[in-house]
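Here's the structure, in C-alpha cells; my notes come after.
Labels run A, B and C following the written order; every chain starts at residue 1.
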Amino acid sequence: MKEILRGFLKIDRRWIFLFVLLGVLIPLATGKGLHHSYPGNEVKLVYNFIENLQPGDIVMLSMDYDPATIPELDPMSRALLRHCFNKGVRVMALTLHPAGAGICIAVIDELLAEYSQPGINPDGSERPARQYGQDIVFMGYKPGTDAVMLGMGEDVRLLFPQDYAGTEIPPYHGDPKETSLPMMCDVKNYNDVKCVITISGTRMPEYWVAYAYQRYHVKIATGVTAVMFADYYPYLQTGQMIGLIPGMKGAADYEELINHPDRGMVGMLPQSIIHLLIVAFIILGNIAFFIVRREDKQEGKKGGKKK
Amino acid sequence: MKNKWLLLLIGIGMAIVVGFLSKFTFYSTGEGENMVMHNWLGLTAAAILTLGIFTFLYKDNPFYKFAEHLLVGSSAGYTLVIYFHNFVRPNLIDAVVNGFKKVGEMQSAGTYNFVDSILKNGGIWAIVPGIMGFLILFRLSRKLGWLSRYSIGFYMGTAMGIAIPVAFQASIIEQVRGTILQTATTTPTPVFNLDFFAALIANPSWSAFVLAVSGPLVIIGIFCTLIYFFFSKEHTGVVGVFSKVGIWFLMLGFGASFGATVMARISLLIGRMDFLINDWIKGVILPLFGG
Amino acid sequence: MKREVPVFICMVMGLVMIVQFFVPHPVSQAIYQTILKWLIIVVTFAMVLGILSLARLHLTKLRRGDKDWFYSLVAISSLFVTLLTGFFNFKITDSFIIEGWKVPFSFFTISFASGLAAGTPFMNLFEYIQVPMQATMFSLLAFFIASASFRTFRARTPEATLLLVAAVIVMVGRVPVGHMISSAIPALSDWILVNPNMAAKRGILIGVGLGGISMALKIILGIERSWLGGGGE
C-alpha cells in the first residue's frame, strides 16, 4: 500500500497536465456551459454605479493590460463598454500600458461595429447607433503613470493633445460641430468625469487611488486579474474604490448583470471543473502524504525496538 | 543547424504573410445579415504558434525557444513604435515644431516679444526635457555614463517627491482611518460597533454573531499583522503571542491569494483553449471540410 | 561634481514636489504642471533605454557567436520587422474573391504613416503573432500550478493547514459550482476575503507604505545613492 501511494505521489506531472487539459477541453468542445455566475457584491457595486448614471455622463476607462491577461480582462472591458453604450454613457478611453494600445483599438473597433446600427437594449429600451468621437474617444497610450494621472487632474490636453489616430483634441467648451471628437469639448479634467474605471493586470489601480482619488477625489472602480483582487479589499472598505471586478468570474458576473453572456460566462464551467480538480489533487496528495509518513514513522519505531 | 535556418525562414515568411496579407485573406460563412468574416491566415498562424508553445509541456524544444525570442523582439519593437507614435511625435516633436511656428507667426505679424514668444511658449521649452531624456541614453556608455545621472536625478527626485505625500495619504492615513471607521458607507460607522453587540444580545442568531465579531476581529488582525512585521524586538513573550496571531491572519490572507492565483492561471488557459476551439477549429478548420 | 550635482538635483526636485503639494498658489501649480510634462518626456527615454539595452545584449551575442546566437538573430529580426511595419504603412492594392475566399493579389504601396490603425500589417502582427504567443506563455502556468498543488502543497504545520483550508474555500466559493453545492460556501469565502484577508492585506499595505516613504526620503536626502550607478567617476 505504501509503495503504491509513494508511486502515486511521484506520478509524472504530464499525467496531471493531461487531466487539466481534458478538464478545460471537454466543456469548451461540447459547447456546454453554465447559465448563472451568481454575481458577487463587489461587482454589483460597479454595475449599480454605471446603471445609475444618466445618458450623456462621461466615464474614463483606462485599459491598462497586456495580451497575457486578455482572457480575464478583455471580457470585463467589453461588458463595461456594452453597459455604457446601452445606457448612453460616454467613454473617454485611454491606456497607461504600452501593449494596451493595440488591445484597446481591437476592442473599441469591434464594439463600435456591434453598435453601428440603432438597436434594442436587453431591458427593451431603444438606443441609437454609437459613433467614435461622439460616444467614445480613445486617447492612446502615454508613459509615466503617476505624471499622467496627476496631469489629467489639471487638464487632459496637457498629456493628450491628440487622440490615438493623431486627431487634435478640441478646446474645452469648443464648438462640437467643428471637430470630429465632439465628446472632448465636455472634458477638461476629472471634474468632468463621473468615475475612472481602471482595468489592469498590474498594480495600476493603486496608483489611480493614490494619485487620482487622493488628490482629485474622483471615484475609482477597478477590474483586476484574480491574482490581485484579494489585495484590494482594504481599498473597498475605506471607499477609496467604489467597486471591484475580479478576474474572469467578475467578468461573467458583469455579463450576467447586463444580460449579455460572452467569453466570461463561457469560461465558468471549465473554471469550476478545474477548481474542483485542483482541490481533489490537494486533498489526495495530502492524504497520500500523511499515510506514507505515518507508515514510515511506524516502521521507524519498529526498527528502533528490534535494535 | 539546418532546422534552425528553416525555422527562421518560416518565421520571417509567416511575419510577411500574416502582416501584409492577412487583412485580405478572409472567407465568409453564412449569408446576408448572418454573414461572418473569418481571417483564416491570421488565425492559423496564431494557432500554430499557440500549439508550438504548448509543446514545452512535453519537453523543452527549439520551436519553443524560437517562439520565446520572436516574442521578445516583437514586443520590444511594438513598444518602441507605440512610444513614438503616441508620445514622442505629438508631445515632443509636434510640440517643439509648433512652438517654433508660433514664434515665426508672431514675428510675421509684428507681435513678437521675448516674454510671450519665448518665456511663455511651452512648445519651445519642450526641448529641455527632450535633451534631458536624450542624456539618459548615455547610461549605455561606460565613458559617458555619468551624463545620464543628471536626468535620472531629476526623475528620481520628482517621482519620490510626488510619491511621499500620496503614499502617506493612501497607504497610511486612509487605511488607519478605515481600521477605526467603516468609511465606504454614506455615513461612516465604527468598525468596532457596539450596536451590533446590542443587536446580538437582543436577538441572538448566527448572522448577528458574525456581524458583531467581524469588526473587532479585523482590528485585532491588523494590529497583530503589524506586530509581526516589527523586527526591532524579538518575538517572545507578549509580542510573540501577538506575532503568532498575526501569522494566522497572514496565512488566511495568503491562502485567499493562492486560491485567487489558481483562478487566474486557469482563466488564462481557458482563454487559449477557447481561441483554439471556437475561433480556429470551429471558425477555420471545420468550414474547410464543409462543417 | 559628477556625483554631487545629480544628488543635489534629486534633493531640490524632491523638496520642491513635496512643498508644492501643500501650496495652492497659481505659481506653484504652474511649476507643478510644467514639471509633470517634463517628467513624462524624461520617463519615456528611460523606458527606451531598457529596449536599447536588450537590443545591445542580443547584438553582442551575435557578434561574439555565442552558443545560442541563432535565437538572438530571431529576436533582432523580429524587432526589425516590427519597427518596419510600425513606421511604414504598407498597403496592398488589390484582391479578388474565389468562392467566398478573399485572396491577395498585386503589389503594395509604401507610405510613412502611423501603423496603429486596425487592419494595418503592424496591428495584424500584434494581433496574430504577439498576442497569442504572450497569452500562451502565461497560460502554461495553469499546468504547473496544478502539478504543484498535487506534488508540493502539504499541510505540514498548523499554519500551512490554515493556508490550504482558506485556499480551498476561496477556490470553491469563487466559482458558480460552489453556489450550486451550498450557498454557505460562497458566503464563507466572501467572509474570509472581507475580514481576515482584508486585515492581513491592510497590515501589509501599511507596512509597505511606511517602507516606501522611508526609502523615498533616503533617496531625496542623498542617503541612498545606488541609482547613481557604479564607477569611480
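We adopt the following convention: a contact is a pair of C-beta atoms (placed from the backbone, for glycine too) under 8 Å apart; a residue touches a chain by one contact, two chains touch by 3 or more.
From a predicted model like this one, the values you see are computed outputs, not experimental measurements.
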Target chain C, source chain A, minimum contact steps: 1
Greatest separation from chain B - chain, by CA centre: A
Length of the line joining the C-alpha centres of chain A and chain C, rounded to whole Å: 16
Rounded Å distance between chain B and chain C, as computed from the means of their C-alpha atoms: 5
Between chain A and chain B, centroid-to-centroid distance (C-alpha), Å: 12
For chain B, residues contacting two or more additional chains: 57, 75, 78-79, 82-83, 85-87, 91, 159, 162-163, 167, 170-171, 175, 178, 253, 256-257, 260-263, 266, 268-269, 271-272
Numbers and ranges of chain C residues touching at least 2 other chains: 37, 39-40, 43-44, 47, 114, 116, 126-127, 130-132, 134-135, 137-139, 142-143, 145, 149, 164, 167-168, 170-171, 174-175, 193-194, 197-198, 201-202, 205
Of all residues in chain A, the ones touching two or more other chains: 17, 20, 68-71, 99, 101-102, 142-143, 147, 150, 159, 164, 166, 226, 230-231, 234, 237, 246, 249, 271, 274-275, 278
Complex interface listing, chain A residues touching chain B: 14, 17, 20, 24-25, 28-29, 68-72, 98-99, 101-102, 140-143, 146-147, 150, 159, 161-162, 164, 166, 206, 209-211, 213-215, 225-231, 234, 236-240, 246-249, 263, 266-267, 270-271, 274-275, 278
Residues of chain C defined as touching chain A within the complex: 29, 32-33, 36-37, 39-40, 43-44, 47, 114, 116-118, 123, 126-127, 130-132, 134-135, 137-139, 142-143, 145-147, 149-151, 153-155, 164, 167-168, 170-172, 174-179, 186, 190, 193-194, 197-198, 201-202, 205
Chain B to chain A touching residues, read off their complex: 57-58, 75, 78-79, 82-83, 85-87, 90-91, 94-95, 159, 162-163, 166-167, 169-171, 174-175, 177-178, 182-185, 253, 256-257, 260-264, 266-274, 277-278
Chain C contact footprint on chain A (complex, rising order): 9, 11, 13, 16-17, 19-21, 34, 36-38, 40-41, 66-71, 99, 101-103, 105-106, 109, 142-144, 147-148, 150-151, 154, 158-159, 164-166, 226, 230-231, 233-234, 237, 246, 249, 252, 268, 271-279, 281-286, 289
